[in-house]
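This is the structure I have questions about; it appears just below.
When the chains are written out, they are named A, B, C and D in that same order, and each has its own residue count from 1.
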Amino acid sequence: MAVVMKPDATEEDIKRVIKLIEETYGLRVDVSRGEFQTLLGLIGDEDKVDFDRLALLPGVDKAYRITSPYRLVARSFFPEDRVIEIKGVKIGGKNKPIFIAGPCAVESKEQIFRVAKEVKEAGADMLRGGAFKPRTSIHTFQGLGEEGLEFLAQAGEEFGMPTVSEVRSERHVEMVAKYADILQIGARNMYNQDLIEAAAKQKKPVLIKRNFGASIEEYLSFSERAVAQGNKDVILCERGIVPIGRGRQLTRYSLDLSAVPTIKKETYLPIIVDPSHGTGRRDLIYPMSKAAIAAGAHGLMIEVHYNPNEALSDGPQMIVPSELKKIIDVCMKIYELNMVES
Amino acid sequence: MAVVMKPDATEEDIKRVIKLIEETYGLRVDVSRGEFQTLLGLIGDEDKVDFDRLALLPGVDKAYRITSPYRLVARSFFPEDRVIEIKGVKIGGKNKPIFIAGPCAVESKEQIFRVAKEVKEAGADMLRGGAFKPRTSIHTFQGLGEEGLEFLAQAGEEFGMPTVSEVRSERHVEMVAKYADILQIGARNMYNQDLIEAAAKQKKPVLIKRNFGASIEEYLSFSERAVAQGNKDVILCERGIVPIGRGRQLTRYSLDLSAVPTIKKETYLPIIVDPSHGTGRRDLIYPMSKAAIAAGAHGLMIEVHYNPNEALSDGPQMIVPSELKKIIDVCMKIYELNMVES
Amino acid sequence: MAVVMKPDATEEDIKRVIKLIEETYGLRVDVSRGEFQTLLGLIGDEDKVDFDRLALLPGVDKAYRITSPYRLVARSFFPEDRVIEIKGVKIGGKNKPIFIAGPCAVESKEQIFRVAKEVKEAGADMLRGGAFKPRTSIHTFQGLGEEGLEFLAQAGEEFGMPTVSEVRSERHVEMVAKYADILQIGARNMYNQDLIEAAAKQKKPVLIKRNFGASIEEYLSFSERAVAQGNKDVILCERGIVPIGRGRQLTRYSLDLSAVPTIKKETYLPIIVDPSHGTGRRDLIYPMSKAAIAAGAHGLMIEVHYNPNEALSDGPQMIVPSELKKIIDVCMKIYELNMVES
Amino acid sequence: MAVVMKPDATEEDIKRVIKLIEETYGLRVDVSRGEFQTLLGLIGDEDKVDFDRLALLPGVDKAYRITSPYRLVARSFFPEDRVIEIKGVKIGGKNKPIFIAGPCAVESKEQIFRVAKEVKEAGADMLRGGAFKPRTSIHTFQGLGEEGLEFLAQAGEEFGMPTVSEVRSERHVEMVAKYADILQIGARNMYNQDLIEAAAKQKKPVLIKRNFGASIEEYLSFSERAVAQGNKDVILCERGIVPIGRGRQLTRYSLDLSAVPTIKKETYLPIIVDPSHGTGRRDLIYPMSKAAIAAGAHGLMIEVHYNPNEALSDGPQMIVPSELKKIIDVCMKIYELNMVES
């Protein structure tokens, strides 16, 4: 916690700042007089201080938070890896990567059962499927709703896989929690604190995707809100950032794999990668899956359909079960290399 | 609507694409054979076509949407300016810019009445105030809820100003619509189609802020969803994009004023600017307000408090009523210059 | 200058850091023990310290620069506005905004003389014209070279306007300095320290454009390199950043006008705006010019041609002299409003 | 090549556009009349057309390039992988990944010989070392110049490794080409066409790094300029893009590994990855190196020093030779997995 005074700040300016910090916010101040500028170190609970306000006082050059905006999820406070166990499947720490697979949307009982059977045979650990789809166009398939959740739960039960489904609205939190084993918060809702908190209160694991415009710091700050509800079963998921630069964009998003080892340093929570949404291109899923595991991801979430071209949504980013099997096989070998080396 | 074939695409590749477009999607195809590559022009309703799927067929180099992803809000389809009238206040077209002012959050009846009185005297047209605050930290003031909305409505009534309040959750849409004259969708919820649609159905004007990571094209596509509910009373609001580049960021966001004339070319909807959130710095509100009106904005939304330093939220980006008056006065002169010149 | 220790840092960790700072870098350290973390304030010349190296020591959480990476151009060290005078034209401080106009490229003696005459009549203060054009395609017009510079200088002489021309290569620095009154460093060369330094050494004013991917902090750091050559006649120029978000980009760049008041707070150097390159759209030049002056810019640089459609380069972002006159007239009125209010 | 007319474009508008395209630019036009809008397909050499100018004609909604802005480097024109051989080391295609290692800067003959010996023993294929360093601060080590190049060449000779060195200025192109086997164009110079062309003319392989603000499309367009000089020995290198989002940035750049498979689809040129500059953090080099090779990179360029903490530049992103060996060993195993699977 630091306030830097301007080179031409007066003694009175410095006193005014110290007074505000000590009297209004109740922290102590340590004064370091530098060659050019004076630095005030704040001692106490930084969350009580309005730094932006300090920054506007006369004579103040800048005010910095020095502790992170996240603490409950910080590895520097809690060094041990969080391992989350869901119906026998463990995610996090040194455990083998988990593979979450399934269609973008649950389309029918037949469809989800067939996909579930095939991804299970391919080696998947968990089953995903959307019941409420956020679509960019108004005219497209919006999901089956509660019926879709039921089909998903039945398929998960039948083939022995825990299930993941996205909750898009607070109205549906309890409904999704009734059927799914993991509640997913989509990238567009990463800043939606009400939804995150409502989901976390269900006492089931929550999978929060990173928003495509969010820094890692912001991402962890918002994930902190789930943990603040007393729920430490939070799974993080990198799924691509807005591509940079001018002209035509060759991928839907830029999958930010450097987020994987960076996030593993910052927090004890598991971090997985979604190469399907993260690239939007079926032909990039295989190389980016391998790269994600090589970078240390705790798992992958991949969209799979037996007939991607006929899927009612997101066809171009879905692969077939045989491709999933190929991905899982090679990723397990890369994971073994990771284990030998580490 | 165009599909570009690769330089080495075979006749068979071309026929396969044409067949899919004509038989599956029911559009017609016009073939232009270029020097290097063949271009297929699609004739019919582009929304029926899965372009990403086309892009994956053998021999296809790229598939382009050629019509905009927005149509209902497009000026090219509906050239006339939309003027929205709310309790006698007109916004849009050549009307004078409107000034929406008020505190970040309604803190008490006394507070909102005092602010309302003072911003009215300064020349404000509408009153804003939040009842449900999205805060980045868990420990800070979260808003008064329904009581805050009541106070806001009473203050608006008392001083003759229509009111604007943000709705953050679908659970609150009806409640906010009961009290406020305009329902605001915050930047973090721009991609939240359920919330946008629920708000638009209330048959009150909806003010949608641009997300800080959204292109103008995405912004207009999501605003289209409000209009698709049969509600053409949509007000757009530029409030800053994520700052670019490395190192310390000197403003919270980069206020993208080039969005103002660009959006005015693309759509008939009114576009206002929020220099308070758009910069996060009290000292930038005055110059950026002038610049916004000079760029052609239909209004400004500014956070005002009689004592910004004691405000329970967002103090550093609030100004006092006397500054608001100064802003309104100079902006009205710039608006007059705009009118003479145009 | 601050080093933040991890919550679980040992006394030994802290001592190791202090030892390095004091013995290797020769600065003093002030220790503030916070509730959770210890903060080390460094006293002395921060430039001597390798912060990244500190950040990697055991027990260190983060190391921060606290003073700016720029000092020679910082207003906090040198509060007074820099006014640069070139052949009687003053730029900076409270002086009237200057209007630099001319074609993208000098195409012939006739062309530059005709443009010069017409922009002078429209009210321009300075004449611009490129002799070496950076073009995105290989096949397009590359500029007249030295002959172009001669024509530009003659036209400037004839119509009483100082001249500005871009220098793209160190090989041409002396040549450009022989003819032009101001040496322009283009946005693509903002990070090119050799070129900046070579230009600054010519003892003529240097106009440095902001790179489209640079933060303001980086921009000022690189401008510092010109001043470090003993040349304080540096003019800054905002010309647009990379547009954000997915999909089609409606402008070539996003003109970042919030950079204008922000830069005026950070440095004493004059800052102008280039709405031609900054938007890439002729129809946005008028509104964005007004907005730039309203935001406090010290001038504008605008591409003008008597026949933009036949210009050999950048036609779509050039306007005709009559439009320039309209812009200058309204901008002067906005400047007068600025003066009354300030 | 396509021009889309507005919904309300008149027949006259359409004729005017066709006339311009046919008479001024000499292309043919194919007209597709869609349900809402008319599409004009252009047949002929698109490079002759000024699309921005077309876009401004009355009745025109948008003008699109449909062919890529790069052709000479496009895999769709030249499907076969380019394999570049330098003193027996092959890069590209299915060849084993190459490992380019060495210090950021050549500091002395002893230093570069020691590093060369140690990286050779660790398994490196090529030696890198800078003689002209672009530094962000004025006061830091700027490189040894020609002497550094000599030492580098001698060390490469001694230990049987081709050498790579950055050329920052056109003034030095011939000098660098005299000593180094590969001329490197740094990320800051990716838009510097004069430098790229001058380097390519030396008839030695050129390694061009992607600028941190450039889209892949822009990157390939500028690489095209090297090939346009008749030099097909161009090596591409991903080295990180500007991190997104607000707040503190945890890595210097975001290494964009999705660029690797994307670029491999677009071009036949080899693409390597620089995890040292791409992250700026020594602790991320190991995981990101593995991920780069898993994503299909043709090689890695890594900064190595026997004593990173004492290196005169870029210490925090350098690793020691024993770490390099660990990286090469695991990357070779991942490469073998790639080969089995493909």
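We take it that contacts are C-beta pairs under 8 Å (C-beta built on N, C-alpha and C of every residue); 3 or more make two chains touch, one makes a residue touch a chain.
Because the structure is predicted, anything quoted here is derived from the model rather than measured.
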Next item on the list: Going by C-alpha centroids, which chain is farthest from chain C? Tell me that one.
Entry: A
Checklist line | Separation of mean Cα positions, chain C and chain A [Å, integer] | finding: 37
Notebook entry, point to check: Which integer distance in Å separates the CA centroid of chain B from that of chain C?
Noted result: 30
Check: Quick one: chain C and chain D, Cα centre-to-centre, how many Å?
Finding: 26
Item checked: Multi-chain contact residues (two or more partners), chain D -> 62, 69, 212-214, 242-247, 249, 283
Next item on the list: Could you draw the chains as nodes, link the ones that touch, and say if you get a line, ring, star, complete or other?
Entry: complete
Notebook entry, point to check: Which residues of chain C touch chain B in their complex?
Noted result: 69, 212-218, 240-251, 254-262, 265-266, 278-279, 281, 283-284, 287-288, 290-296, 326, 330, 333-334, 337-338, 341
Notebook entry, point to check: Where on chain A is chain B touching in the complex?
Noted result: 47, 50, 52-53, 55-56, 69, 134-139, 168-171, 188-189, 191-195, 211-214, 221, 224-225, 228, 242, 280, 282-283, 309, 315-317
Checklist line | For the chain C and chain A complex, residues of the former touching the latter | finding: 1-2, 4, 6-8, 30, 32-37, 39, 41-45, 61-62, 64, 66-67, 76-77, 79, 213, 242-247, 249, 252-253
